Structures are given as structure tokens and as C-alpha cells.
Amino acid sequence: MKLKNKFYERIMAMLCWSAALSSVLALLFIVGFILVKGLPHIKPSLFSAAYSSDNVSLMPALVSTIIMTFMSILLAVPLGMFAAIYLVEYAGRGTLRANKSVMLIRITAETLSGIPSIVYGLFGLLFFVSFLDWKFSMLAGAFTLAIMILPLIMRSSEEALLAVPDMYREGAFGLGAGKLRTVFRIVLPSAMPGILAGIILATGRIVGETAALVYTAGTVAQIPKNPMQSARTLSVHMYALSGEGLHVNEGYATAVVLLVMVIILNIASAKSAKKLAGGA
Amino acid sequence: MKCFEIEKLNLHYGDFHALKNICMNIEKENITSFIGPSGCGKSSLLKTLNRMNDIAEGCRISGDVKLFGEDVYGDMDVNMLRKRVGMVFQKPNPFPMSVYDNIAFGPRTHGIKSKYELDKIVEKALQDAAIWNELKDRLKKSALGLSGGQQQRLCIARAMAVSPEILLMDEPTSALDPISTGKIEELLLHLKEAYSIIIVTHNMQQAARISDKTAFFLFGQVIEYSETESMFTMPRDKRTEDYITGRFG
Amino acid sequence: MTSIKEKVMSRVFLLSALSTVLALALICLFLFINGIPAMAKIGAFSFMLGKEWSPSDTPPLFGILPMIAGSLYVTAGAIIIGVPIGILTAVFLSKSCPKKLYKFIKPGMDLLAGIPSVVLGFFGMAVIVPVFGESILSASIVLGIMILPTVTGISESAIRAVPQNYYEGAVALGAGHYRAVFKVILPAANSGVLAAVILGVGRAIGETMAVIMIAGNQARMPVSLFKGVRTLTANIALEMGYAAELHREALIATALVLFVFILVINLGFAALKKRIK
Amino acid sequence: MNKTVCLLPVIAALAAVFYGCSSASLASFDRAKDISVVSREDGSGTRIAFIGIFGIEAKSADGGRKDMSTKEAIIKKDTGVLMAAIAGNKYSIGYISLGALNDTIKAVQIEGASASAANIKNGSYPAARPFYIATKADASRLANDFISFILSLDGQAVVAKYYVDVDGSALAYSGGKASGKIVVGGSSSVSPVMEKLKEAYIKINPGATIEIQQSDSSSGLKGTIDGNFDIGMASREFKDSEKEKLIATLIAVDGIAIIVHKDNPVSSLTKEQVNAIYTGRISKWSCIHQ
């Protein structure tokens, strides 16, 4: 019987180590593959200002990605943060009516976060592009993305607000500060790192998004002059290149740039999350 | 007859010297209590006896501990050691499972599979822990629904289900109300014939009431170790006297 | 004076919170308005259970059963590959990983989670497809890798949330490290792990870009593990660009089916979680 | 010690994957293998033209039309992804626009004629299809100006580089400098040449901005009818419903090349064989005796 236990321990140790190892190997394999295929094609021409069918520059896509991210963050962060403030600070903790509304908002947010990006793309096409007649435009893309990342920002802001100890609030109330002043002066500043981590996580999702944008922001490869113009982000650019088939190498180079952006975002998010853990 | 022989035992958590040069022998089939102010190393010594300290980060041990003559830190299988030396913790920690599965977890771990045998073990363990009639009709219910006192007696029953030779108790009643504490003390007195019991406690009346021998710890050292009778009436060391009379905490 | 500002702002906060409800309502509204008429015209049964999808023929046939089956097969494949490895990795990270190793693996998993699906599609097309062909197997492997970080991350935090004294209780009874982890800690964290699996399912069934490149997109019932299949998402993405009138509404109805699918999975899980509590 | 024990199975598995990839391309061409047929999505102009040319559709008495291609065909959404699929699968067969040919894959001869612009002009290569642009009667001045540029000598010179230009009294371009913005959307086969034409036109008329939306023929025509696009691009004949609403202008003729993997010994097929492969009547390479 003692042997059986030792056998069980040995087997489970092997399983856990192998699983972790295969996860790491999968990651190294993918990143290695992208770097091997993409790095040789990172040339200055790739970053020239204008896109043309000969010189498939990704600069317009890079600029559009930054603009698109900025627009969706501008839309989603205030909404998400205010929603989190309502859920944590204002929703009457005891009253039944408030609880029901809190429950409704929570379930809605959870459902929204589960919706596939292709369904968002379709909704964007039906609502923003044709119903509101914005046609294929950055604005339509930004609004669609804003709805997509809203639950993410709401949840991370909520967690950050809940992490703020109650004694801060009591201290402020004790000094006669109103609820609003307490929230904006005391609670938000100390929750900011957590909210920032959430925003960066959301940016990571925007950068990697394609399905939702193809049907809302279109696939035009020039730097848009105004929000109503269609534009492609880096991921959409990579998808379009693979479609045309003439510039697959530039597609891999775009993948390398995408990977670098995701790495930078992850590091920034980890840093700000650490700041939250390191004391308000 | 000795169950544990401890010679020149030193223990470090990182650079904190928790136990300094402990030498003592613990008698079989009686209750030995460890008393002393918090942080004096009594719990650390208890956790050394069944190697629970191995889990603690950065814990280094020197010197030797023998269980019935066998070196605990030698090539003895640690899981078998913990089967023979059961432990009950300060805060009751039943598993988030049914009462039955809690008790049966130990025997199942050590290879007992047949339902018939498990039923017998569970019933005997709960009867030994004097809680059978309270739980016999809710064996399938979750253990987390029980009261603090019931949960602790369940943990004692769970420990006994693997039929250990020795029971280590780390302040078992400090989290319980006086009535449950009384029940557990009565239980320990009853269990004395079957198991050697070592109990760490803050409650000196408890030590005086139920233990045969008592050891007083201070700053990681054994100040005095003798019959409970003489320890509480004629303490040899002044520091023991000060602690017993409550002059310091 | 401030009380007016207070009242106004508390309204603003409430409205922002309700914005999510508005968004969901709009999505449901537009999907139902555009999807339901098609279902009615085609006939809900022949649409959901029809085995033949050929929209450009005259008369067109709109049966999405092959795509529903395709989505289920691929998602099941992804779960079979992604969930066990994910949970085992989560146990490894939370219970038996040396500190210095953890500092590398954890950011690695976050990076794996951040890799865009189009990049994974490229990887799948260039590495997995030459070996296993455009098939359910290839799609399952790539989707398995895609949901791996999600399952690992959430399972790990669920495992870490289990109180340490359960582990000590088990070990004190003479249970080995892994027996204590798998027989006490993991069962205690089951609602967190289940949430991780449900999120994994949601992500796998909702994936489009990677699936289109490697799954073969044959609009017929799945034949074998080594043959390709078309998922609901691929069906939408492949044909949405050019679909007209009824065909376009049929695709929106496909999105509606997918949307209801996800809704059922999430609400079912929420009910299950309430029952466990 | 137990760590190394558990490294072995994982490394062995990965070695197998690597070996799997490399060995697949080294082994010679096994004729007994199934043909893996690759086709484009339903709306693609290339597909509609391909099915028309090779007769892979059945016309029922009451005017109904049924696409007879085999359901086993792997579907690829764009030209590039289809070529990558052919290049990655030794036993595959597919079709693309002649203009997109490159050295990663091999084009086979049809009825004895190799796929080239010359053979299309002299009619020996049977698989050719028109490149149309579509406009509504009320098209903007800039749109008409751009179209007149395309049909002009300079426009057709750009076309001739890749496709078969349309003979005709191609006069030098002498259009006015119209400014403003037009949107050109549609076939992914026509988009590459349209990008070239746009770049050439912008050089002459910098005031104009032309936005190109790549998708496929049917969506291009539909977008033009709906007003989303000023000019639609299609690489197939117009349906009757489209003919009524749109003015079709032929700007080029493009061949459809049947492509196979470079290691595939087959280098010539008859129209009948292509039809048999794509309707699933032939499923193994051995049925094609060279």
C-alpha cells in the first residue's frame, strides 16, 4: 500500500511538470516561430509613411491602431469606471431594490464579456455602420471595441475599488467630506494602479482584435485623416496581407511588431498592478 | 517508557533561532502539555515532532528526534510518520466535504477501499470522539455546517481514524467556547489510555487539569519539565513561578 | 449646495452602470430583428437541423446543423487538449513551482494570453496544418493552446484562494503533497476551476480568425478527426462580406444561434454556481 | 531525478512533430493519396467564373442553378490563403487568378495550353474571365474620370503588366483634374490591379483620394447598388438583377490558373478532368494517368 502512494506521488509530479513544460514549450515554439519568420523582414521600408501595394508599410496600420485604442479607451474608461463606482460605492449594500439592479448589471457585464468578437463585429455592422450610417469608419470600430472592453474595465475597476480599505472612506467621512469628494479625492487615487492595469489589459485585447474590426472599421490601409474614414489596425493588416498572399513575409513582420506591443503592454500592466499591491 | 527522545534540537526559521538546544523525553500513554508565552517555540517543537515544519519556508533543523528509537529525520517515510503521529490544529479545519468523507479521507489515503470497513472506522472514530450520536444522522451533510466545538471534535475523530500512536494538539481549544472546551478536555482524559497526547496550550488551568507532565518554554528553551503536580505547586525556577502566577503574559 | 452635485453625480454613476444593460439590449435587439425573420422564412427547424448549406444556389438551402456540429466538435477538441494541461499547469504554478521558475513561467502565460488570434492562425497554418492537415485535430490543438492561458490563470487563482489549513489538515493525516492537492485542494476550488473551463469554452466557440485558416471550412457534417469542418463563426466570417437579403439574414441568424448558445452556457453556469454555494 | 523522467515524454512528442513536418516533404509523391480539393468561398468572383468555365453547376428546368462542387472541398477566403494551402499540401489542387501566380506553386496546362496572357489572347487557353467595374448612371465626375483613365493607353499599360489588356482605341488619357473622394470596393482578385491603377492615377491627379475596400465580387456589386461604393469591382459576369441596376465596363481579361503543389508530377489536365475532380467523381491522383 505504501508503494501505491509513492507511485501516485511520482505520477502526479510527472504530470504536473510535463503540463507546465508543454505550456512553456508551446509559448517558446510560437514566439520563436514568429521571430524566425518575421525578424528578417523587419526593414525600414516597413515603417515608411505611406502604404502602397509595392511597399507594404505597416506604419498606417500602427498609427490607426494607436488612434483606435485611444478612441475606444476614451469611450469605455469613463463609463466603466463610473459603473464600478456605482457598484462599489453607491449601490445600497442592504436595500433589495439596489441589490437587484447590482445583480442585473453584474450578469449583463458577465454576458457581455462572453460574447464572441465576430458577434460584436456583426452588431457593429448592423448598428453603427448601416443603422447610424457611419459607413466603414474608425468611429464605428472604436464604439464596437468600447462595448467589448467595457466589462473588462468595469471588473478591474471594481476589484481595485474594493481593494481600497473602508477605513479610508470612514476617515474622510469623519472629516465631514461628502461622498463625491471622498470617492474622487481618496478612493480613486489609491485604486488608480488597479484601474490602470485593467485599462492596459483592455488595450491588449484591442491590439489583438480582428473579427470585430473587419466589419466596422473596414480594411483601408492609409492613415485616416478623420474618424469617419475607414482604417485597418495591425492585426487587421496582418489578416489582409495573409489574404492577398503576395506579402506573407511582411505579415510575419507585422506579427513581430504585434508581439512586441503585447509584451510592452504586459510589462506595463504588471508594473502598475505591483504598485497597487505595494500599498495605496 | 519513552515515546519521543529529543537531543540537542535546534531550529531556525530563516535567521530566527526558534528552538535552542532542546533535550527532553516524552512519556508514552500520558498527556504532556507545553506552556509558555506566545512565540516561545512550544508550537515549533510540536510541529517538529511530525515534521510539519518541512512545509514552512526556510526552516532548518539540527540535532535528532527519535520516535520509539527510530530517527524521525532519518530515512523514515514522512507520510508514515504523520500517520503514526496525528495532529489537531488551533483553528478547526475540516475539509469542505461531508462528515463521512472527512473521516474516511485518512483511511482511504492509506489504502482502505471497502465501504464496509470504512463505515466501521468512521463510526468507531466518531464514537471515540464522543460525537457519534450528534452526527450519526448527518454523515452525508457538509462538515462546514457544524459548530466550532463539533468541528474540532470531528478533526480529532479524523485524526484518530488513521489509528495513530500519538496525538499532537496545537492549542485545540483556544478558538472554542468554554462548554466545547470542557467537552474536549474530558475527551482527552478519556483518550489517554489509547494514545500518548502532547498538547500546546495558553490555558494553565487546562494544563493543570488534564496533563501528567508539563514543560515550560521561554525564548526557545525548556526552562522546567516535570510532573504537573510539582510544577504548579513548587516550581523550581523563578521564571516558571512568575509565569504561573501570571506576573508576565 | 453640494447636495445637488451629489444627486446629479450619483445619477451619472447609475446611468454609466446601466450603459452595459443598454449595450446588451441593443445587441439582442439588432440580432433578433435581423435574425428572427430569416428563421421564420427558412423555418426554424430546417434552419437549425438542415444538413445542406448552399446559399448561392437557386433555390438556396440554409441548414446550419453542419456548422453547429462543427463548432461543438472543435470546442470539445479544444477543451480536451486545453483544460487538462491548463489545470495541471495551474496546480504546478500554485503548489509545486520553485520561486525563480515562477518568475519566468507566469509572465510567459500572460504573454501567451496576449498573442492575437490572427498570429496563432498563422502559426497553426504554417506548423500544425502541414502535420495534421486542415482538420478538427489541427483546430483543436490551436484552440487548445489559445484557451490554455485563460484556464491556467483563473484556475491558479482559484487554487490559491483555498485556505492553507486544508492542505495542512490533509498532510497531517499522512497524505502526500499531490494527494493532498488533488484530493482536497482542487475539489475545494472546483467552482473557480469550473468558471475557468466555462470561459475557455466561450473563447473557443467564439474564435474566428484562427479557425478560418486551419479548419478546412467544409460545409458538411463532421466526418472524421482528420477531416476539416466549418464552425458557426467561420460560416459568418466567410460569407458575411457578400451575402444579400435572405442569405445575409441567415448569417445574422447564425450569429443569433451562437449568441444564444453563449448566453445559455453562462446563465447555466451562474445557476450551477448558486446551487453549489 | 523525477524531473528529468518527465521531460522525456514531452521532448519525444515534439521531436515527432518536427520529424512529421520534415518527412512529409521529403518523401516522393504518392499517387494513391486522395486529392485534397481546395476552393474559394461562395461569393468569390474567381469561384463563380471557375464553376461557369468548367461547367461545375447543374441548371434545372425551372431556371434553378445548383453548384455541383464537392462538399469535401477545403474553402479558403482569399487568394493568398488558398495559395498558402496549396504550397503547404502536396496532394492539393486549387485555382487562382492568373495575375496572382508566383513560384510557390505550379500552374498546370489546360487542354494542352499553358496559362499565359498570350494563350488567352489567341484563345487557346480556355479558362479566362472578365474583370468588370460597375457604376450607377449617376456616378460622380471623379469616378467617370478615373474610369476613362483606366481605359486609356496609360491605364491599359498598367493592366498589361499582369493581365490581358482590352484592345480598343486606347487613346492617351486626357481627363480633367477632378478632385474629391471615391470608394472602390469588391473582388479580391481585381483589387491588386486596382491598387496599381489608383497609384498611377494619383500621380497624375493628386487632388483625388481613392479608397479601396477589398472583399469579393458580389459584395462589390451589392455595395455599388447600395451606394456604399462609387465603383464596384467584379471578376465574373453580372447576374441579371445586377445588369439592370449597374453599368458594366470591361477593363481587363484575366485567366484562371489551376494550381498544384510544385512536387506534383501532373502538369496537364483536360477541362473534363478538372470538372471530375471538383465534383468529386475523381478522388485519387492515381486516376489521372499522365
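All chains are identified by letter, namely A, B, C and D, in their written order; residue positions are counted from 1 within each chain.
Keep this in mind: contacts are C-beta pairs under 8 Å (C-beta built on N, C-alpha and C of every residue); 3 or more make two chains touch, one makes a residue touch a chain.
Being a predicted model, the structure only gives us computed values, none of them experimental.
The pair with more inter-chain C-beta contacts, choosing from C-D and B-C, is C-D. Once CA atoms are averaged chain by chain and compared with the all-protein CA average, the nearest chain turns out to be C. Set against the Cα centre of subunit C, the chain with the most distant centre is B. With centres taken as mean Cα positions, subunit D sits 80 Å from subunit B. Rounded to a whole number, the gap between the C-alpha centres of subunit C and subunit D is 34 angstrom. Averaged C-alpha coordinates put the centre of subunit B at 49 Å from the centre of subunit C. Per-chain Cα centroids separate subunit A from subunit C by 17 Å.
Chain contacts: subunit A has residues 5, 13, 15, 17-18, 22, 29, 242 touching two or more partner chains. Across the assembly, subunit B contributes residues 79-80, 109-110 that each touch 2 or more other chains. Residue positions 126-127, 176, 179, 213, 237 of subunit C are each in touch with at least two other chains. If each chain is drawn as a node and touching chains are joined, the picture fits none of the line, ring, star or complete shapes. Listed by label, the pairs of touching chains are A-B, A-C, A-D, B-C, C-D. By the touch criterion stated above, subunit B contacts subunit C in their complex at residues 50, 52, 55, 79-83, 86-87, 89, 91, 93-97, 105-106, 109-110, 155, 158-159, 162.
Residues 77, 79-80, 109-111 of subunit B are the ones that touch subunit A when the two sit in their complex. Here subunit A touches subunit D in the complex through residues 10, 13-15, 17-18, 21-22, 25, 29, 52-53, 135-136, 218-220, 222, 229-230, 240-246, 248, going by the rule given at the top.
For subunit C in complex with subunit D, the residues that touch the partner chain are 54-59, 125-127, 129-131, 133-134, 212-213, 216-220, 227-228, 230, 237-239, 241-244. The part of subunit A that touches subunit C in the complex is made up of residues 5-6, 8-9, 12-13, 15-20, 22-24, 26-27, 29-31, 33-34, 37, 78-83, 85-87, 89-90, 101, 104-105, 107-112, 114-120, 122-123, 125-127, 131, 147, 150-151, 154, 178-181, 204, 207-211, 214-215, 235, 238-239, 242, 251-252, 255, 258-259, 262-263, 265-267, 270.
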